[in-house]
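In this document, chain identifiers A, B, C and D correspond to the written order of the chains, with residue numbering beginning at 1 in each.
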Amino acid sequence: MTASIATSQTILVVGGGISGMSAALEAAECGKQVILVEKSPTLGGRTALLYRYFPKMCHPTCGLEINLKRLKGNRRLRVLTQAEVTSVSGRSGDYKVTLKLSPRYVNENCTACGECAKAVSGQIPNPYDYGLSETKLAYLPHAMAYPQRYVLDSSIIGTADAEKAREACKYGAIDLGMKEETVEIKVGSVIWATGWKPYDAAKIQPYGYDRFANVITSVEFERLADSHGPTGGKLLRPSDGQAAKNIAFIQCAGSRDENHLRHCSRICCMASLKQTQYVREAYGEDCKSSVYYIDIRAIDRFEDFYQKVQQDPTVRFVKSKVASITQNDAGSLILHGVDTEGYHRYAAEHDLVVLAIGMEPESNGIKLPDDMVIDSSGFIEGSKDGGQFAAGAAASPTDVNRSVQSATAAALRAIQVVHRTAATETANG
Amino acid sequence: MSDHNSQAVARYRNNFLKEVEERVEEGEWVKMCMQCGVCAGSCPFGAHWQHSPQKLFMMIRAGKREEVLTSDSMWMCTSCYNCVVRCPRQLPITHIMHGLASYAHRLGIAPKGQPTREFAKIFWDNLAKKGRVNELKLTLSLYFKDGLVSGIKTAMGMQSIGLGMVKAKRLNPMEIFGGHGLKDLKGFHAILAKAREIEDKRKGLT
Amino acid sequence: MAEMKTAAYICAGCGLGDKLDIAQMEKIAQKEGKMQLVRRHDFLCSTEGVELIRKDIATEGVSHVVIAACSRRAKTEAFDFPTVAMSRANLREGVIWVVAEGEAHDEVRQEMANDYLRMGCAELKKMKLPEGNPNKAGNKRILVVGGGMAGMTAALESAETGYEVVLVEKAGQLGGWAARLWRRVPFKQPYDKPQETGAAQLAAKVSGHPKIRVHLNSTLAETSGAPGRFKVQIAQESGAVSEEEVGAIIQASGFSSYDPARLPELGGGLANVIDQAGLEDLASSANGAPIKRSDGREVKSVVFVQCAGQRDDTGTHLSYCSGHCCATSIKQAMYFKDANPDVDTVIMYTDLRVPGMGEDFYRSAQEKGVIFTKGKVAKVESATDGLKVNFRDLILDEDVAIETDLVVLATGQVPNSGVNIDLPDEDEGKAKQVSILNLNYRQGKDLPQLVHGLADSHFICFPYETRRTGIYAAGPVRRPMDMLQATEDAAGAALKAIQAVENADAGRAAHPRVGDLSYPIVRLEGCTQCKRCTVECPFGAIDEDERRFPVFNESRCRRCGTCMGACPVRVISFENYSVDTVGNQIKAVDIPDEFSERPRILILACENDAYPALDMAGLAHHVYSAFVRAIPVRCLGSVNAIWITDALNSGYDGVMMMGCKHGDNYQCHFVKGSELANYRMSKIDDTLKQLGLEVERVASYEVAITDNARVAALINDYVAKIVEIGMSPMKGFG
Amino acid sequence: MAKKEYAFYPGCSSQLKASASNYLTSVSSMCKTLDVKLTEIPDWNCCGASIGYAEGGELPRIAINARNFALAETHLPGQDIVATCAACWLGARESKDRLDASSTLMKETNEALAAAGLHYKAEVKIRHMVEVLIEDFGYDELKKPMKKSLEGVKFAGYVGCQTNRPFGIDGESFENPKYLDKLVETLGGEPVEHYDQKVTCCGGALAFSEPEKSQKQIRDIVESAYDHGAEMIVTPCPLCQANVEVYQSEINKKQGTQFNMPVLYYSQLMTVAYGGSMKDAGLDGQLIRAEKLEVITKK
């Protein structure tokens, strides 16, 4: 790829999750040239790893399918995976962006036939299952992966598996000689849709995520519920594979906490309410979900869903920030705390604890351009020169619906920038 | 010293909250509590008291002055700091508990005969006297605080421990005649007196 | 138009060559499929394979192409030939990856592959390369309805992007609710105090913008037309009517505040019990000085009652949460505290809802000494100097009564969404509703409402999905929201409106079949004026003329094909998707005789969810029966009953319909497709009985895109059931 | 390694013939081996301990701590204050943090100190002995002078409260600090795994006033050590050490348990590992004899 494909009329979207895809598609469908870069080997982001969306209980992959169809049909949109922005210089309407392209070791010839994966034996923790399962060193990220092309994990290079993979491919798709590349492109505007990451649960020490197998995060619970996930969609606890029928959901795990994330992550209340319904779906009346909360933030018409869940006899709500968790010999967990509504002390046993984990900006830890305005939690407000914008969870903790709303708005603002540039360029000659 | 004591406190008004902010150590944090209850669940002595910190904070905001200051609960604080490190609002709860207890004690409305209240006083008096704690005298004054008879009983009950400590050279019976003390005791007392004076003035506790 | 030249390309890669007799298939393509050109390639998606096809198109004049290789969802970049009509025979995900391994299955596997090839050829022959809607409509102006924060923002954002805007506002000035606020909640850091609203500056910008024309004191008397060619009659208060032509519409008609008078138990109607808007008025008059009540007395204590008439589960008041009110009360409590820190401010809430960075604003209020109490208010009544609030403190677990100078009820947002077109005309309430848009559409005057009167999208991933193409709701009419979200929302809606005018201009479809150049073509001479298409179109795209013939407004159409499915006389079609393209595929399948013990089951699968699920079953190598033949359809709503009867008549043993979930939480992206299909199929039982067939021979399933394992199980169970029932007696008659 | 020098703040319990005098003994031996020079802050006073709050109030407590700081700054310039007692360290550090954060408090404190002709300049650092070991030496360095291994002895690392919360040692977690376990491992001993009472409060501050409640805490701490197979408890805190050791007999008497679990200081373990005698390690100061360690000293 060369710099010439992009011009000051091009919009760069950083991040290929729901926000980035939406921003890129909306801009491209307005007739703009768009480059969408994604750090990982596939588009889809975190939503592709969710089982269902609240409050409709519909499947994220359904929207992903539509978006991929939009994307495949749009010639103005160019996707680069395993690509990261390393620097942005210049000014609104005239940026120079340096991209680092990591090698996939698999080229366009790949037909996703899967022979390479069969041939290799080495495994890594599957990042698309949050490490709850293993995947081969040659793998297709997930069933909805785009591009639908295998990837070699870089640790395979120099091993016998690498040769095996190469030999297994009849189509010459495996290129072990691929190297990291750096390219520079010119763009008019940048949309940062770098999304979020789950807060490091091990840091919330009283909950023992790093000590107790059956304390997991809400994003991991999504994988358990998903039929494509590590348990084939069964709600089993990690320690012994037993059915988890009595589950505690701990709200504000990392959020609203000066020791961790100062902000409220917005989505977690609804996510837990949704997840109680996975439990119910799996076990009918023969299960128990307990939601430990400070405030249930089922905002606007999500309240309907909250009221519905409140009617569910398998779900109970405890107004309490759980103080600590201990583990008994059976691997079950004892939650200690006080229900502050009226003051009731409890030591409640549960099969599994799901931490409604907070959203941290994924951009925390990556170097953003100097011109960028960041808030105290690391969320991106935009660039001072008005040519770079944030969309979705990169801008503030948001659910999918609001992320797309935000991405659509960001797309418009980026279009305005390139329009202004075009006007100036025309005026100047 | 306490016109506050005679004032009727209106419910859910600022007055008691303000009083706490001005006069209680770290009292300005009380308003920041969001009632999550993590302190209540974290206290090792939680099961033993009536009002958890979070509840006391709500009571303060609700203007329940009498109930708060006469409560036994903050005297149960073991200074373990579990609540402090877990509080999502980073309230110095341990210190607020100490501050509330101290304030109630200063006002003279803390529960009479509350054992920790008495111990705390004895402890401070002990250290204030010589600048260092005299463990033997501290122990003895504790045993005899309820009078001679019960003191002898307690002391006899703990005799084996005491003897063990003496044998292990970890308790010195001779301390009764003096023990460790500061050289510049005068200066030490002057500091204490001055500090007390400044604080009382600042808090209007004269 | 150039002559049709057909070509079939059969791939032998990805194991196809090992598992299938490609030579046999080449013959089938030639002899049965009547392909003028048949080629085989060992790696068709390679540069070389693709080049081969390109060359044939360029030099051989190939106009119609069958790719017999992998699924239509795979290798789309390679098989991208925009100038030809193309069908894809799915031999990989649809055959070799799902049919059981081993020689025992060689014969059925080959039969399946052969059939898919036959189907591909048969479909192709009925396909035309879509050329785009000839009734292009090129007006690119954008109409914004409503001059509040959302409307003004939408107008300005559209204008700044280069589009002309017409803004219609009912009141005599711009600004809406925002203009009535003393201050607003901060949009960004620091979240320490209320901010200037900026409404007046925005209004001035909008009024002075060269691309924006503002109509004040005006409403819409009638809206007709379609994207790219809307005509709106703008009625002024004075009675004067003017006409504007626009290409798309943004409805930012805002909200009304829930009437506190409906909350007598909370003191609604008493002196000094006001709503949040009322407090804004008091704060504005105080202008930064201590706030006074309407009786002139300075307020020394105030109680905010959250969720007043909201989150109501009794069915009396609003059941939803308005989202902004917690932050608004916090802001308003700061009005008091900032003017005089000694004022007692209590906010009574059950769940304090300040998501995101709102948490900082909450903390700031606490720092200022605002008292937050988790409590439920039972009654507000008059007291000597003010009011008495009786409530239960949920933390202290006791009933309390406190006196206060002023009570502010945080009542909710009621969307100004016009007429609920889903209500029956005889509904009493409907008559009282005042339309916002006054659409002259066959299906009603306003945007369809999702729930609670909100003109929202039903789709999580697509908040601007609308059921009236080219008309987008923004702000609190779409969903309860705060001012920050409303401005974001307005920008998003502006983008969608811009897309709508560009799509209309180019004659192509809008979301979700964006860019689709096919459009519904109707043979009116065959039409029986039955009105099914006009009634069932999920997007209100079809009106009726005076003779009750359907009038298709192509730029409103979303190309789902629901009309095609509905049409009993089959006069509606698309160039590349029609009763014939599918019907031909059905007929192309080779049906073994009654004694073969090899049933044939037709699957009609929604192309967005069920078909990808089948694909992913293949990817995961879930084995299913080789007796099924799957055809993707745009939506189950497009399934015409003739396909079912044709299939049964020609000897199929069963039909499986796989569509999206329907009902309240429907997942159909064309709204009613799967529901309509379900309804239509419920009527097919009679037909089956007439044919002397068991009702089980047609079955409907709700299949989600994640159902890869389940879909395989469903097929196997169904095939087992058909084997149990026995072969269709219709074989050999078709 | 060059000699390291610190201003030593032993605290009341570590004085001669006080309840933690054996702690002092072992610390001295350990420091000798590590070539650490501890110079007592001249005429230091009590930190006020947390229990001092009721009568002491806020400023007097801070002021007496500041007195120690001022003395150290004057007499031992440039040296960090090192406390061995958890409560002294915490009391001092909290006072320092509070002074650093508030200019009002600083002003008032110096006003009080002036009554004794002292002035606090806010230069000195306050550290715990364990911090010195881990940060200034590190586990590898601490291993070097070892002469004997504590092999075969199982220790429950009982961290308790005040070295752990609210500041913690070396950025370790509050719920599962590992420094004692790592120290034990360094010395060749075996830390018991999953000791779940590691950071439980011993109730020490209320041992006198609420004996039953605090003895319940001690019971849990000792019981769990037994349950996890520990032979000894090791701790960094004199108050924890005294409470957990001293009250075992009391609990046995009242509740019929048969607790006889030695409770030691990390410094005693180190002294033994560094080849010190029973006396050097203060093992003669145990109420419950640590026989297995005594055996090692005699090897």
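Operating definition for what follows: contacts are C-beta pairs under 8 Å (C-beta built on N, C-alpha and C of every residue); 3 or more make two chains touch, one makes a residue touch a chain.
Not measured: the values here are computed from a predicted model.
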item	value
Least step count from subunit A to subunit B, where 1 means the two chains touch	1
Contact-richer chain pair [B-C vs A-C]	A-C
Reference subunit B; chain at largest CA-centroid distance	C
Length of the line joining the C-alpha centres of subunit C and subunit D, rounded to whole Å	65
Between subunit C and subunit A, distance of the C-alpha-averaged centres to the nearest whole Å	23
Intercentroid distance (Cα basis), subunit D paired with subunit A, Å	45
Residue numbers of subunit B (touch at least two other chains)	34-35, 54-55, 82, 85, 89
Interface hub residues of subunit A, defined as touching at least two other chains	206, 256, 319, 324, 340, 343
Sites on subunit D at which at least two other chains make contact	174
Pairs of chains found to touch, sorted by chain label	A-B, A-C, A-D, B-C, B-D
Sites on subunit D touched by subunit B in the complex	12-13, 15-22, 43, 45-46, 48-60, 62-64, 67, 108-109, 111-118, 161-162, 165-166, 174, 200-201, 203-206, 208-210, 213-214, 217, 242, 246-247, 249-250, 284-287
Touching residues on subunit C, where the partner in the complex is subunit B	301, 342, 344, 346, 352, 362-363, 366-367, 369, 371-374, 393, 395-396, 400, 402-403
Subunit B residues within the subunit A interface of the complex	34-42, 46-47, 52, 54-55, 82, 85-86, 88-90
Residues of subunit B that touch subunit C when the two form their complex	10-14, 17-18, 31-32, 34-35, 54-55, 58-59, 61-62, 64, 89
Parts of subunit D lying in touch with subunit A, wherever the complex brings them together	173-176, 194, 196
